[in-house]
Amino acid sequence: MEVRIQEADFDVGAEIAALRKGDARVGAVAVFVGTVRDVNEGDGVAAMTLEHYPGMTEKALQAIVDEAKRRFDVYAMRVVHRVGELAPSDQIVLVAVTSAHRGQAFDACRFVMDYLKTRAPFWKKERTAQGTRWVEARASDDAAAERWER
Amino acid sequence: MEVRIQEADFDVGAEIAALRKGDARVGAVAVFVGTVRDVNEGDGVAAMTLEHYPGMTEKALQAIVDEAKRRFDVYAMRVVHRVGELAPSDQIVLVAVTSAHRGQAFDACRFVMDYLKTRAPFWKKERTAQGTRWVEARASDDAAAERWER
Amino acid sequence: MRDSPPVAVRLVFLARLREAFASPGETLQLPASAPSTVAGVLDALRARGGAFAAELAPGRAVRVAVNHELAKPDDAVRDNDEVALFPPVTGG
Amino acid sequence: MRDSPPVAVRLVFLARLREAFASPGETLQLPASAPSTVAGVLDALRARGGAFAAELAPGRAVRVAVNHELAKPDDAVRDNDEVALFPPVTGG
């Protein structure tokens, strides 16, 4: 499966190994892992809940992966995104890409993250000493996604 | 150790875990793994030997890591490069970077790979059906490194 | 008044909007006078006042997906469409 | 002829150059007439002809490191420096 949404943690090494398995054309593997930071907007974060929109989420992620495959010369891609309750340092998201060459692998990996950040229906709710709050979207994420439209 | 040169293979998952360990400020981990392709310049590659320049190699890699830390807002970096005899699909190099945000992590990871490709004293010798040959440097690698000078 | 057939959409409220509206969703019968568009749906909800007017006020960032695809205000909605309202996404 | 003290450098040949010169390195006494620079070292080697002239011919891409730092033709070399000659790198 190119796209997975799950409550369980994932094993980065195992995911990369599965993605590469049997394909000796691969010369480059670019990987991104997003993790829960213990501080956001200056406040300590004790826990986080990740909500999503079942039904749309898988389609949105698959559409992003398909677009990346159209734009970049890559062999295989994988996106794993967790939902539910997470703690600081927990893994949230994995994007892994194989290609013959590093430029295409890096570009495709970054493209998927930039689009995921603005188009995939996930929402973070943080618990801090002041109570719970929904994380606000960042203008810098919109700007990062728009760079690919130029 | 931020920089290692070794004949032994490396465990990507373990390297990432060690890099992240104990640092809950981390929100982004960018990783690159370079692997031996079974075809290069149109010829099948049966095996590869990686030679380096002991004494200079460690210094060159550390200088690249230090420069990346000056340029980008990152927490921790790790470079592992193998030498000796390798086969198709074998891992060659790992670059891993942690940061608060993905843009800096991606940039630092790619910067290290681009500089490593043009400044770290490693040479590949391939064994093909036609015999052994030293891999020729690519103009595209020089161009990739020069992008960071602008 | 128009002659077009009645349009009912299945609304889904997510994240902050689900909490603000104290509901995961509902079925909305579009007023006969309303255009069968995303904007028409938002206007019908705003007309209720209260949390709907506040959360969907012009200038508040609200995203809409019709049948799981991101949609714009002028996009059409049809009878039985699933129309989801949510804040800008913050995953990854 | 100049009065400067004699300069001997420890040459290291790597990768294709090690094979072409059939040697991992040697100690080179720079001629008294040669400038104590990277270019002076390369000229002294080229003057030997054979594989040295061929591999170090103008237009061939050769990199030089002095005491483990990448160096340019005008960079100085001093007595007992380690001067490595190698093709453009191809790691990663």
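Observations on the structure shown:
For clarity, chains are labelled A, B, C and D in written order, and residue numbers in each chain start from 1.
Just so it is clear, a residue touches a chain if its C-beta (ideal position, glycine included) is under 8 Å from a C-beta of that chain, and two chains touch if they have at least 3 such contacts.
Small disclaimer: the values here were computed from a predicted structure and weren't measured.
Where touching is counted per the definition, chain B and chain D have no chain in common. Taking each chain's centre as the average of its CA atoms, chain B and chain C sit 49 Å apart.
Mean C-alpha positions place chain A and chain C at a centre distance of 27 Å.
Mean C-alpha positions place chain C and chain D at a centre distance of 74 Å. Contacts with at least two other chains are made by residues 92 of chain C. Among the residues of chain B, those in touch with two or more other chains are 34, 102, 113. Working note: touching chain pairs come out as A-B, A-C, B-D. Interface of chain B with chain D (complex): residues 34, 50-53, 55-56, 59-60, 81, 92-93, 113, 116-125, 134-137. Looking at the complex, you find that chain A touches chain B at residues 11-14, 16, 20, 23-39, 88-89, 100, 102-103, 105-106, 109-110, 113, 140, 144. Residue ranges of chain D in contact with chain B, taken from their complex: 12, 14-16, 61, 65, 68-70, 84, 86-92.
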